[in-house]
């Protein structure tokens, strides 16, 4: 048996990066070998990650592609959009396997520019990246050397809506209305006025209405079958995304029929659990874990199917999914290092 | 000028009742004269309402219709549904003016029974009750002696959706999808397992999916023009309702056209404020106040109009609206005693 | 009867300033006439204070001493320490009455410099400032034209501990141990990493251990009779300070004796309420109000008296107390505009 | 190598019990074999523990000592005080190894009755129970067949204060003042009015002042060297205890001297981490983990040493510590199954 693969995290001091560090240190078959991130001064690993003070960490350095390539078999890049994909491309060009957690590699340059308003990566690099939604793309991920890790809202929305692409009872000429709510870690770790505890506490409101950049990512993953209206809203909690998908019905299916559809599609997906009505997902039941809880309700009088999906935005919506992808790429079991459940209370 | 009218609260130890007590004590022209509520032992007013310890309160008694009628010019009844309307009817029969905060007087006996699964009040009493949404029904409220105070979700949804009844650009053959979220005081003050701090904190989830009893109340207030799909969800905050109404469009109006429609309809509504996009309501901006904030967004590609409405479920959604109705009934200015703004932080 | 006095707020976009704006707009006898604060762009009053969108506000300007002096009969200065006192001195020199909410005017230059590590104001100006703890200094405040508004922790600690200066049963040779906890608005409105919702939520920890600048302010207000050990800690709530004062006993008094002592001292203090054991203060019972709740417990076996004090750090700990001082200075009733109670839930 | 030991949980539907279930299911070398708890109806494991829906659980039964003894090599009893110890004694009498998480086996019958006001267990049974604070009692725990798991407040306080028993610089004639704060899961899972989200949210207050039953447990673990004044307070968070211990000093030690003392005493304690000033513990850095963070500060002018200790009340304060004890009893490494760190954000 060979040694464990060595993995690095670029952007280790943001929330997705911090979660990656935590998950990798807990992983039975990966070795944390490289960390790059921004620091205010020469803080040690223990000062930066006080909840990991008992761990043998590695120093957090300023990013250097040579040092990174030398130290790693695979790199997770978790930098802001507009920067992350370019770093990923740079490392990929040096033959390092890379999982990019930003939105930079998920969309064609044209669509990217229209929604992100940033300079896209080279079209050939973007085309080479495999979209890392393992539940639907696992075999391609297994052999990929460049993975575009899905967005947090996109992951919840797609896992809820993708089965509807094959559903005969849905009216695809009507838009999918997706009312989504996220915990605040999805907004990143940088100090911003609206993320101040005293501002967000006890509040709830929508943001980027009609303009959230995960909209085209969802439409693309649904093969363009639906027009998508995505509304994103901030919840006064740390973690969790709850997405409600409303689909107009051509015919009204039975509850059993919908349940069977979802059960079959997710039969081999170890992280996805489908509830039968009236049980509904709770974000707390998945927060802190890589699990996905899906529920639904058929409303006969309004002729609408609602599908609910709860994930942890930092795990299945970011770092957990990235490790899940890495597990596939290294040939590990998909769930390796990812079976810690939510604490609930 | 005569003395201030004397008002009483039945159900003073629930959340709506407590809020009524607080508002009446702050009211410049009402005198708190009677309180009935459930108590664990012989607690004084100061022990029950420790935040009002500096006030001259009145004793909290077991409900007695004779005592209540003798002590009051008007009674607020804020008991659980299935009980409240019967007490309201009893007091109304004794010629006391009554505002009932429960759902018992809002719906015809048939519809009530179908959604509340409880014994309705006498049909004639229900028919005599005026629906107390002052913004649309103010003149009838002014002369009423029995008022059915609207439900919290219903208030937010109706104020958001009612202008659409007159809008030529909406496709009324499609359902209105209402995705609504509420703070936990809406669930009442009784200790229940799922309301435990450790259970609700950091959670978010839907409840009563497809079965919330405010659905027919909304449909009725929209004159039956729309089929309504109401989804109610619990937010980990104390106060506030945020309702998002999604309407399919027959034609796509301009933003200015929608803004004008709402501005005109609410021109004389002192508590309602309409935002122009991209500004959106926040529940914190209205929490602790009787104000209503409305925003909207026209989504051209999905051909959907979203209308957002934020209220405080205990004020405009319950006690504040009840005082607003009482102001009308007593001939006071509609805003008397209700101008305290939200604290924001 | 003359017109209402015109008041201005310098630092209107910080938390204490925002609270002042809200309180002044609600005040029956003051007219808000001038606002200065920092703005990101040309935001209107309604954009800056969305919870006050229904009010006729005044524009928020860059501070100009001439404009301020012309517009106001009294100015509240709520700028950061090191800046605020100098602005207060500047306005005071132009014969404007000033209440400064910072720590700049509370301590002698030497003590100030030792604890604040900033340039003190002129010694003569500092000496001219009256310490605005109305409960003990009300008559001097009434005639003052320069008031040093007390600190938030200091207010809670002094109101709890000051009666002990006269108590024969306390062992004044031992230190007073003050374990104090504050909501996060006390840390100001600037975006800082540790104030991010995701960082503070569900946390609790001490800060500035042994070095909090309110320590000498408390010792001074206790006439130097006690050595004070103040520990300040951050609570994951928006508002509220809870201070626990532990005093060693020379003799063990009866509960009745301690209660009588506090009752007598606060007999004429309209905002202070003293509880008899075992009732204890709750920060929620005073949050959003200018009230002060005090409780205590005599521990016979440890020979320690504990005194608990709860206030709202933005009201009695800052803006509310400043308005209380202004009421005194204008000859209004001490409670004018300050009787809104806490909402509790 | 034989099979993994089979363990059961009595009281599996309370918070400590739920946490035990989660920890045991994650444990590499224990098999969950028996669950007893109270259920509202015939709920399955997945309905009761929705965050563990992906796990193969075991049914939750009504407690039966025969079934329990047959199914288990060791039982955790996590019932309310006054009930738990009697069940533990019953199982112990059947030669089952037992760890009792209640306060029933920690104190002599006389002291127990004085503080718990409940019927004590048989004196001989109580005397046979080993106090399970592994850091100081690990060798006795290893061979015990009946363990009294320490209380949550007691664990934090003792780990902070116990090193002071040997410290020459402390004035033991003065009381130890312990100001402790706990998250709400410490109050148990039963629905009680004061634990309602709307009641506790944004509040902070002391309870059981001077009467908390962990007081004698702490005094006993400090060998009676100190009189202890314990104040317990409720934090609006789910998990975490923060204890501040104030000790009067006979001589003022250097910071280095105090640090060395704590470092030496906890050199072999894998869960305890001692910070050097000015770094202080945060409850978030240990929440969700079995780790213990200790910090301190020497205040020269007041001649007081403050020691801070943060733990998770459900882990090191209850279930985690119980598993740590079971690890010792089974001869496993003390940290087996307990190395999951806090999530921080």
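Side notes on the structure shown:
When the chains are written out, they are named A, B, C and D in that same order, and each has its own residue count from 1.
Heads up, the rule we're going with is that contacts are C-beta pairs under 8 Å (C-beta built on N, C-alpha and C of every residue); 3 or more make two chains touch, one makes a residue touch a chain.
Quantities reported herein were computed from a predicted structural model and do not represent experimental measurements.
A count of contacting C-beta pairs for B-D and for A-B identifies A-B as the more extensively joined pair. Using mean Cα coordinates as chain centres, the one most removed from chain C is A.
With centres taken as mean Cα positions, chain B sits 39 Å from chain A. Remark: chain A and chain D have CA centroids separated by 36 Å (rounded to whole angstrom).
The mean-CA centres of chain B and chain D are about 45 angstrom from one another, to the nearest whole unit. Multi-chain contact residues of chain A (touching two or more other chains): 15, 183, 185, 189, 198-199, 202, 236-239, 282, 284, 345.
Put simply, chain A touches chain B in their complex at residues 174-175, 177, 179, 181, 183, 198-199, 202-207, 209-210, 227-229, 231, 233, 235-240, 242, 244, 246, 248, 277-278, 280-284, 287, 297, 299, 301-304, 306, 308, 310, 345.
On the chain A side of its complex with chain D, the touching residues are 15, 18-19, 22, 25-26, 47, 49-55, 185, 189, 202, 238-239, 270-271, 273, 279, 282, 284-286, 288-289, 291, 293, 314, 339-345. Residues 15, 183-185, 189, 191-193, 195-202, 236-238 of chain A are the ones touching chain C in the complex.
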